[in-house]
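Each structure below is given as C-alpha cells.
In what comes next, chain A is part of two complexes: it sits with chain B in the first one and with chain C in the second one.
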Partner chain A sequence: MEFWTAFYAISFYFATFILLFGLGYKVYQYAITPAPLKIPTTPAPLTTGGVVIRLLSEVVFFRSLFRSNKWIWLFAMIFHLALWIVLIRHLRYFMDPVWTLVVLAQPFGKYGSFLMLFGLLGLLMRRMFVTRICYISAPSDYLMLFLLLTIGISGVLISFVTRTDIVQFKAFILSLLCFDFNWQTMPTDAMLLVHLSAVILLMIVFPFSKLLHAPGIFFSPTRNQVDNPREKRHVAPWAVKEFETSPASTTTTSE
Partner chain B sequence: MKILKFLGKLSCGLLLAMAVNGVSAGEVPMPEIPKAKSNFSAEQSCVEPTDFMRQRHGLFLKHYRHDTMRRGMRTLQHSLVACINCHVTADESGNYPTVHQSSKHFCRSCHTYAAVNIDCFQCHTSKPQESFSVDIGPVQSD
Partner chain C sequence: MAKTKFDTPEFRPYPTVPVLKPGVMKGNGPFVAKPDMQEALGFPGELIDDWHDVAIEKMGDLLKKYRSLRVFLDSCVKCGACTDKCHYMIGTNDPKNMPVARQDLLRQVYRRHFTLAGKLFPKLVGAKDLTKDVLDDWYNYFHQCSQCRRCSVFCPYGIDTAEISMAAREILDTVGLGQKYCNEIIPKIYKIGNNLGLPKPALANTLEGLEEDIKDETGLDIRMPLDVEGADILLITPSADFFAEPHIDGLIGYAKVFHQAGASWTLSSYASEAANFGMFIGSYENMRKVSQRIRKAAIDLKVKRIIFGECGHAWRVAYSFLNTLAGPFDFLDTRYPVPQHICEYTYDLIQKGVIKLDKSANDHRRLTFHDSCNVARGTRMGDKPGGQFDIPREVIKACCNYYYDMEPDTIKDQTYCCGGGGGLLTDDLIEIRVKGALPRMEALKQVVDDHGVTHMAAICAICKTQFAKVLPYYGFEMDTVISIHQLVGDAIVLTTEVKTPG
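Coming up: the complex of A and B.
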C-alpha cells in the first residue's frame, strides 16, 4: 500500500473521530451549561413556536448580523450559501448511487466555489483593512480564513486547471467509508494533497475554534428564550437545589 | 440528557454496524469499466498515457470540439468516433448499448459513478460506427 494512501486514510479516520466526538462533547457541554437569567433580547417571541422562527431566521438569514452591518452580512451570506452548495456537490464522493439532488447540484457547485472565494476574500479584507476589526483580530481568526481559502483555491485549481482522477478518488473515499481496510489507492496530485490536508486540519480544529458558532447559535440565551418572565418563573434546576427555593414557593418570593 | 445519550449510543451502533458490514462484505462500490477492443500501440494502451486520459480526456473532447467546429481543425489521434469505436463493447447478445440504455456503456460507467454529465451524445452517436470512412477533410498534426 502506498504511503500517501495510508497516511491520508489514517488522518481521515483520526480527523473524523475528533470532529464527531469533539462536536458531540461541545454540544453536550452547551446543553448542560445553566442559563440562570431570563435574558432574551427584546422584542422577543412570546411562545416556543415564535422562538423556533426566531432561531431559524438567525440560522438561515443571519438576522442580527443584517441589522448590525449590511456589508459583512452580504459577504457572510455569500460565503455560507456557496459553502452549502459546494458541500452538497461534494456528497457525490460519499455515496453510490448518487442522489438526484446531488447530481443536479453539480454544475451549480462548480461555480459556487468562486462565490465562496469571493465571500471569504471579502471577510479577509474586512479583518485586514477595517482598523478596529484588525485591532481585535487574533491569529485564530486568520487561521480559519486561511484554511478555508486554501481549501477553496486548491479545490478550484483541481476542478478547472490541474485535474485529478476523481473516479479513483471516489473509490478511495468509499473504501474508507466501508471500513475496507484494504484501501483503494488515492491519486497523489499535489493540489489534491493540499486540498485534503487543509480539510483534515479544519476538521481537527473545528471543535476547538470559533467555528463552533454553528451549533452555538442554538444555545444562545438571548436568542433561544421565550419572553415570558411574568407568566412563568425562570429557575435553573441547580439553583433550586442550592438555595432550596422550589418553583412551588415562587408566589411568596418578593421580586 | 437522555436524548443525547440515546443519540450517542445510536451513532456508535451505526458505526459498528457499518464496520461489521464493510469488513464482512468488503464491497467497495466500483465502476464496471469495459475493456477496450485493442491497444493504441505496443507501448501505449490509449492515444495518450492512461493516467493522462483518466484525468484529461474531457479537454480533448471539449476543447478539440471547439477547434474542430470553429476553426476547422481535425486530428486523427483524438477523435470522438475513434474513442467510441474502440471503447464501446457489445453485450452478451452482440448488441452495442447506447449511453442512455445501459449503465455498462464505457462512458457512463464512470460518469454515473462520479455524477458528471455527458453532453456529447445529445448530437453524436454513442454506438460504434460500422464504416468509419467519412471524409474528414485536411488532417493536421498536433
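Coming up: the complex of A and C.
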C-alpha cells in the first residue's frame, strides 16, 4: 500500500519535472533560434494582430487542416476538443474548493471521454487503412495513439464501470501539491494504476516526441510572421555577424 | 541519368486518391555539378571522404540558424494532410514524393543524431543513420521538389517542405554533391551578370535589335535603355526575357508600358538578372551575393526606384528577402515600395488612366491565368493580402474580353507548380518535369474544354519555359503560354505624344 503511494508520488513529481523542463527547454530553443528570412505562407496578415488571429484560427479551428482534409480534420477536432473538456473536468482533483467552470464541465467531461475515444479510433483507422498514411507511420505513431487510447479507455472504465475511491484519490493528489512529502494513501484499483501510469508516460515522452507540435505551431515561421518585408528589414544576428560589418545597416533583427 | 523514355501521365477523369508506387522515381537524380563549378561557389569539388561527419555537422549548424528547420523537423505528427497535395506525388505516385515522406528523408537523420528518442530507440521513431543510400535518396528526391510550398498551405503546423529541401541541398553542396544546373548558373551571375552568361555587348545588341523590331511593328521609337545613369527606374528582369519565347514579348510589353507612361528607365548590365538560384540551393550567402549586385547597380546608376519583371522565385527573393539581404534602400525614392513588381506598376498606371488599353486587340485570345507558386505563396503585390492574385488578374482583364479562372483548388494560394521550379528546369529532369505538370495540365484542359481557352498567361520565366516545353506532351500547343505583359503590349494604345510621368 505505502509502496504504491510513494512510487506514484515520486513518479508524478518526476514526470512533471520532465514535462515542464523538457517543454521549457524546447520552447527556449525555438525562441532563441533565429528565423533569418521572412517566409510566411501568403496571403499573410500585415499586422501582429492579424498574426494572432491567424494563429488562433490554426490552434482553435485547425484552419489549414480543414482546407486540406475533412476527415482528418473531423477526427482531430473531435479528439482535441474532447481532450480539453476532459482535462478541464480533471482539474477538480487538483483544487479545493472546485471552480464553478470545472463543476460545470463535469458532465461534459465525463461523456466527452467517449468522443475523445471516437476521435482517436478514427485517427487510428486512417493510420492503419489509408495506404498513404500507413506508409509514413513509424511504430511510435501507433504507440502514441495506443497510449492515448489506454488513458481514455481506463479513464472511462474508472468513471463508469470499475470505480475507485475518488475522494481518497483526490486527497492523495492534494497532498502531492503541498510538497510536504506527507502523502495521503493512494487507492490501488488496477484500472486507476493503468490510467495513472499511462498519463505519467505521456508526460515524460511529451518533450521528446511529435507532441512538440503543440508548442511548435506557435513558432512556425510560415504562420507566425507578419507580411511586411518591404517595410522592415529582418536580419538575423548570425547573418549580421557573418556578412554585415556595418551595424548601421541593421535596422531590425529577426523576431 | 535521366530516363529518355517515359509515359506522359494520363488525364484523370476525376481527382483520385493517388495509388502508391514505391520506388518508381528512384534514380540518380540530376547531373552532378563538376568540380570547377562547385569550387566557384566555395563548395568542395566532389563528394568528400568524410561526407558523413561533415553532413551531420552542417545539419547541426543549420538547426541553430534556421528556426523553420528546427520547428518543422520536430512538429510533424504524420497526420497525412499533405500526402496528396504535391504535384510530383500526383504525377508520379512515388510515395517519397509525398511532402511528409520527402521531409522524413532528412527527419530520420535528424532524429538519429539530434533527438534523445532517435538516439535511444531509432527503430521505434523511424530514425536512421546517414548511409550512402540515404544520401543518394536525398540527392534524388530533394531534386524532385520545386520548393513551391503548396504543402505548407495545407499543413496544420505550416511545415514548409521548401525549407527542408533547401537545407538538404545546402548540406549536399557542403559535402561536394551539388546539382549541375543550379551550380553552373550562379557563377555566371558573378562573372557576367546573368544566368545566361550574356555579356554587355551582346545584351546591348539584343536590346537594339528589339528596338528595331518594335519600330517596325509600331513605327515608334520605343527604347530599351541599358546602363543609363540617372534614370528613374531600374528594371531587373529575368535574363530569359532577353531571348526566350514567349518571354521576350513580355519584355517588349514592359518597354511599351514605360514608353507610354513617359517613364525614364534602364536595365543594368551588371545586374541583368532577376533570378536568384541561391534560393534554390538554400544558400543564404549566395542569395545575398546575387542580391547585393542589384543594390550596387541601383547605387551606380543613381536610380530612384527598382521594378522587377515577370519572374516567380525572383519576386519571392525580391519581395521577401531583398530588403533583408541587401537593404536598407533608403537612398531610393521612399514614396514607392522597394522593390515593386511590374504588374503593380502597370496596374497603377491603368488605375490612374495613364495608359489606355484596347481590349479588342486580344479578342483572338481567350485567357486563363496560372498563379506562379512563388508569387502566390511567398509574396504579395499591392497593399492588401492576396493582391498577388488580384492585381495580375485585373491587369489581364483590362487587356482582354475573355477571361476564365481554372478550378478554385488549382489557383491562388492552392495553385499547382508548373513542374519546373526550384532548380528543376533542366533537361536531365524532364521526366519529373512532365509528370509534375499533370495537375496544372488537367485544370487547363478543363477550361479549354469548357470555355474554349486558348492561352494561359503567366508571370514567371520558369513557368513560361517549362510550359513551352511540357504543353506538347499533353496535347497543347507550346505557345499556349503567354506573358501578361505580352497581352498588355498588344492591347496598349500607343501615342507619339506621351504624358509626362505622374
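Rule of thumb we're sticking to: the second predicted complex is superposed on the first by the 243 of 255 C-alpha atoms of A that agree within 3 Å, B and C clash if a C-alpha of one lies under 4 Å from a C-alpha of the other, contacts with A are read in each partner's own complex, and residues count from 1 in each chain.
Note that in this section a residue touches a chain if its C-beta (ideal position, glycine included) is under 8 Å from a C-beta of that chain, and two chains touch if they have at least 3 such contacts.
Nothing here was measured: the structure is a model prediction, and the numbers come from that model.
Undergrad: Could you tell me whether chain B and chain C fit or clash when both sit on chain A in the superposition?
TA: With chain A as the common anchor, chain B and chain C both fit in the superposed model.
Undergrad: So, does A:P107 touch the first partner chain B, the second partner chain C, both, or neither?
TA: So A:P107 only meets chain B here.
Undergrad: So, A:F208: does it touch chain B (first), chain C (second), both, or neither?
TA: After superposing on A, A:F208 lies in contact with chain C but is clear of chain B.
Undergrad: In this superposition, which partner touches a larger number of chain A residues, chain B or chain C?
TA: The partner that reaches more residues of chain A in the superposed model: C.
Undergrad: Using the superposed model, give me the angle at chain A's CA centre between the CA centres of chain B and chain C, as a multiple of 10 °.
TA: One gets 160 degrees for this angle.
Undergrad: Applying the document's definition of touch, where does A:K170 land relative to chain B and chain C: first, second, both, or neither?
TA: first
Undergrad: Touching A:A138 in the superposition: chain B (first), chain C (second), both, neither?
TA: The answer is second: A:A138 touches chain C but not chain B.
Undergrad: Quick check for you: in the superposed arrangement, does A:E2 touch first (chain B), second (chain C), both or neither?
TA: The answer is neither, since A:E2 touches no partner chain.
Undergrad: On the A-aligned overlay, A:D96 touches which partner chain: chain B = first, chain C = second, or both, or neither?
TA: first
Undergrad: Look across chain B and chain C in the superposition and give the shortest C-alpha distance you find, in Å.
TA: Comparing every C-alpha of chain B with every C-alpha of chain C, the smallest gap is 15 Å.
Undergrad: For chain A, which residues lie in the overlap of the chain B contacts and the chain C contacts?
TA: None.
Undergrad: Touching residues of chain C toward chain A in the complex: what are they?
TA: 17-20, 22, 63-68, 70-72, 74-85, 95, 98, 100-101, 104, 115-117, 121, 123-126, 149, 152-160, 163, 284-285, 288, 319-321, 323-324, 327-328, 337-339, 376-380, 383, 385-386, 388-389, 413
Undergrad: Would you mind writing out the residues of chain A in touch with chain B in their complex?
TA: These residues of chain A touch chain B: 20, 24, 27-28, 31-32, 92, 96-98, 102-103, 106-107, 163-168, 170-171, 174-175, 177-182, 184.
Undergrad: Would you tell me which residues of chain A are touching chain C in their complex?
TA: For this pair, the touching residues of chain A are 26, 29-30, 33-39, 41-46, 58, 62, 64-65, 67-69, 72, 76, 123, 126-127, 130-133, 135-141, 143, 205, 208-210, 212-213, 216-217, 219-223, 227, 229-236, 238-239, 242-243, 249, 251.
Undergrad: Help me check something: in the complex, which residues belonging to chain B touch chain A?
TA: Per the stated touch rule, the residues are 1, 4, 8, 11, 18-19, 21-23, 25-31, 51, 54-56, 110, 112-117.
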